[in-house]
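Two complexes follow with subunit A in common, the first pairing it with subunit B and the second with subunit C.
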Partner chain A sequence: MHDLYNFVTGPLAWAAFIVFIAGSLYRLINMLYLVNKKEKFIYTYMSFKYSFRSIFHWITPFATVNWQRHPVLTIVTFAFHICLIITPVFLLSHAILWDESWNISLWALPDGVADIMTLVVVGSCIFFLVRRLVLPEVQYVTSASDYVILAIVAAPFITGFIAYNQWINYQLFMILHIISGEIMLVAIPFTRLSHMLFSPFTRAYMGSEFGGVRNAKDW
Partner chain B sequence: MAEPAKSEEKIISDIGLDVGISKLTDDRIEKEINSVIKNETGARLKTYVETCIHCGLCSEACHYYLSHDNDPRFSPVGKVKQTMWEMLRKKGKVSPDFIKKAAIIAHTECNLCKRCAQYCPFGIDIAYIITVVRRIIHRLGCTPQYIQDTAHSHSVTMNQMWVKGDEWPDTLQWQEEEAQAEIPTLRIPLEKEGADIMYSVIAPEPKFQAQLIYQAAVIMDVACVNWTMPATMGWDNSDMAMFTGDNEIMGRIKRAHYETASRLKVKRIVMGECGHAFRSVYDMGNRWLGWQMPPIPIVHAIDFYYEILKEGRIKIKKKYETPVTLHDPCNVVRGGGLHEKARYVVNAICENLIEMHPNREHNYCCCAGGGVINCGPPYKMTRINGNRVKAEQLFAVKARGAKTLIAPCHNCHSGLEDINHHYGIGQEIKFIGDILYEVMEKPEVEEGEKE
Partner chain C sequence: MKKAAVFIFAIVVVSAFLFVSAYSQEEMTFVDNSVFTKPERTPSIFRHDEHNEKAGIEECNECHHVYEDGKLLEDESSEDQRCSDCHELKSSGNTPALIKAYHTNCKGCHLKEKKGPIMCGECHLK
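And now, the complex of A and B:
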């Protein structure tokens, strides 16, 4: 078990971070390469002002018509994404890891808050799952991969929560937690989780088109 | 009200589609799909398809989806699933039957209105994806017959309606003479080099709505505009090739249009109350020809009316009294931001504007645009059933008193007319120009001079 732990926290962690960072860069560079090669005109229409006007509206809860139309989803999706990013970075145990490995001292979340945020992520995943199963317009466009990416995102939080509380087999769940976290990192550039990378660009382009050409609001 | 369209499977006979499909082979389909995707698309299509998280949030943007009782088959992403996703997933190995289905979806169940782009959290341009599907259908020779015929007309005559060379100046002269009965000094100046404005229209105006040219001439005359119309090809600003995915023809007709304006050395092109033509001259055609923005400023009729009313070049004798409501056409509002100017104009000429809801950028499409009405009679009920929500919107505003519906766009006009009749809404539909012509101050003519 100790060897395995050393492996997943050592070489495998390195591999996961390298694949995540290199993969993300590759995807973004590849997108820009494609723009340069075939759709260079996009640059002529890009505008910082209108890009950020659009992004700002869409990252603010209830600032768009569609967010207003779906209040529950809006609350869940914002809570989910905030907790999804904040919790793993600022969790106390992770802050210790940052410190031990890189001498980076980060502010850490109180454990009680982190617990709640973890449950928010897991609960949100259940909400998204139910939504996929129940709403016809979502169900119709759902494929197996949608469930898989939902599971990939939920797994590190579920296993981490179990490990932290030491309910059953701490060592096993710790290792599962680390592996599932690594899977998630690796999956980001190569699955539709890549919306994390691409959505600012698609939003910015649509914002620029609506602001600069169409003189209309895109929210 | 009519039954919602549950019996969508009714077989529609369309010779363009049927004959086109009968000539397809699996190899050809695969070749054309992959050729379009490989050679003509790039980062946009790839990023859009890979970023879409399948959340379904675009659904409620679509009038087809809403009108079909939230049938997911009609949601924007649902339509992409049934067309582009399959083509990409199977790497072009799809059947002729699939292509037929895709052609019907892309051509008759999406107006390219881009309302869904305002509802997608990522700003994915679904209308663009559907345009790529139409391009593939075009390359496969399976475009619905009526709209293909229109594209042929563009190709041969540089106008949409097979208007022949001599019919055009003839029609203008006829309208000039008609209008001279009202204003004896009125002219429709042809080929006047160096005029401030070239006025361009869509071919249905000379073909069967010549009174619109008459009205425009009166407005120009009274506002003392230094204007002209070309006597040559290039007078038509419409563009159905843009909607069939025939980009090459789109480029030819837009080039003819801009070049005519530049030959006449005009400062600006003012165009009639048409939405799709605005999209073509202001957004699509110029880009195809390599212009970031139109090479000559394009002024839509709404903008032009705004200008002459604001500057006081037209005075209003007595405002239109019947309460009106205003339909915001997608191509000039979501596509050009003319909604506030339209309201300024309507308020300047009408006593009472009652807003429909939703409105402005969020208005529901008329379901005729995007070339759907141009696919002709076989798909009339597709449009009408696909826009029950528009009927509900109009009933609601009529209940609040709006008896006249202003639709400053040709496609909207025709599409709303069908909805008006079918659902029995009972509104009178008018262009802004109709009302402006009616209520404006015109030079008094002595009784004796009239005949």
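And now, the complex of A and C:
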């Protein structure tokens, strides 16, 4: 168990973080390169004012017509994304590891709160899964990779929840938890999870085009 | 009859007292976590004598260390002190906080020796 633990928390963790960070930088730089090469004209109407106006509306619950039309989806998607980011970053056991490895002291969530936030993430994933299966307009734009991505995102939270509660086989689920987290990190730059990197840019582009060219709202 | 009752009561009280005082390091099963006001995790499981026998630890100061000015004093030992006498809840200077001190002392050695528990839930049982 020591050798396996040392491998997944050592070389494999380094590889996952390097691929995640370098891959993310590559995707962002490549995007800017392609814009400069092919669509330089968008700089004529890109504007900080319209960019942030659009971003601000879309990151505020119910501040867009689309959010208002789908209230349940809006609540689930906001709860999901907030818990998805906050829980792993401020989890007590993760904070302990940051401190032990890098001498970085982070504020940590109480375990009970993190437990609930984990269930919010897993519950949201089930909601998104059912939504993809049931709603025809979502089914139409769904491919197999969307289900894989959903599983990649849910896995670290499901395995983490089982490990934290020490159900079934603690050591096995800890190892699975670590590996599934690493798979998710690696998947971010190269799958549709890359909306984590690109969403501010797509939003800024839409906002600028609607604000500066069409003189319309994009929310 | 009354005298006998008092006598029996006295024996029960004294033996209970003896039992409690005998329940020291030899019987220790958990690390005392009473200094933590609101612990998030259960106290770490630890059977002192069983551990040392298994790990082949002869010297107290392999764990009960003494540091002065950031240097380990090889011949000094601190088993007559509580960990919290030196390690406060927050780190100060070179002295790590109590939680980190426990983790580094236990897990650090386990990682080095490639033996013993290293993941949270292996010591902090639910």
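What we mean here is this: the second predicted complex is superposed on the first by the 219 of 219 C-alpha atoms of A that agree within 3 Å, B and C clash if a C-alpha of one lies under 4 Å from a C-alpha of the other, contacts with A are read in each partner's own complex, and residues count from 1 in each chain.
What we mean here is this: contacts are C-beta pairs under 8 Å (C-beta built on N, C-alpha and C of every residue); 3 or more make two chains touch, one makes a residue touch a chain.
As the structure is a computational prediction, the values presented were derived from the model and not from experiment.
S.K.: When the two structures are overlaid on chain A, which partner does A:W58 contact: first (subunit B), second (subunit C), both, or neither?
M.R.: After superposition on chain A, A:W58 lies in contact with subunit B alone.
S.K.: Once the structures are superposed on A, label A:D99 by its partner contacts, choosing first (subunit B), second (subunit C), both or neither.
M.R.: Only subunit C; A:D99 stays clear of subunit B.
S.K.: A:C125 in the overlay: touching subunit B, subunit C, both, or neither? Say first, second, both or neither.
M.R.: In the superposition, A:C125 contacts neither subunit B nor subunit C.
S.K.: Could you tell me if A:L34 is touching subunit B, subunit C, both of them or neither one (first, second, both, neither)?
M.R.: The first partner, subunit B, only.
S.K.: Residues of subunit A touched by subunit B versus by subunit C: which partner has the larger set?
M.R.: B
S.K.: Is A:Y140 touching anything from subunit B or subunit C once the two structures are fitted on A? First, second, both or neither.
M.R.: first
S.K.: What does subunit C use to touch subunit A in their complex?
M.R.: 40-41, 99-100, 103-104, 107, 110-111, 114-115, 118-122, 125-126
S.K.: Which part of subunit A faces subunit B closely enough to touch in the complex?
M.R.: That would be residues 31-32, 34-35, 37-39, 41-42, 44-45, 54, 58, 64-66, 69-70, 73, 135-143, 146, 192, 194-195, 198-199, 201-207, 209-210, 213-219 of subunit A.
S.K.: Give the list of subunit A residues in touch with subunit C in this complex.
M.R.: Touching subunit C from subunit A are residues 2-3, 5-6, 92-93, 96, 99-100, 110-111, 163-166, 170-171, 174.
S.K.: So in the complex, the part of subunit B that touches subunit A is made up of which residues?
M.R.: Those residues of subunit B that touch subunit A are 41-44, 46-48, 50-57, 59-61, 65, 70-73, 75, 77-78, 81, 117-119, 121-125, 283, 287, 292-293, 333-339, 361-362.
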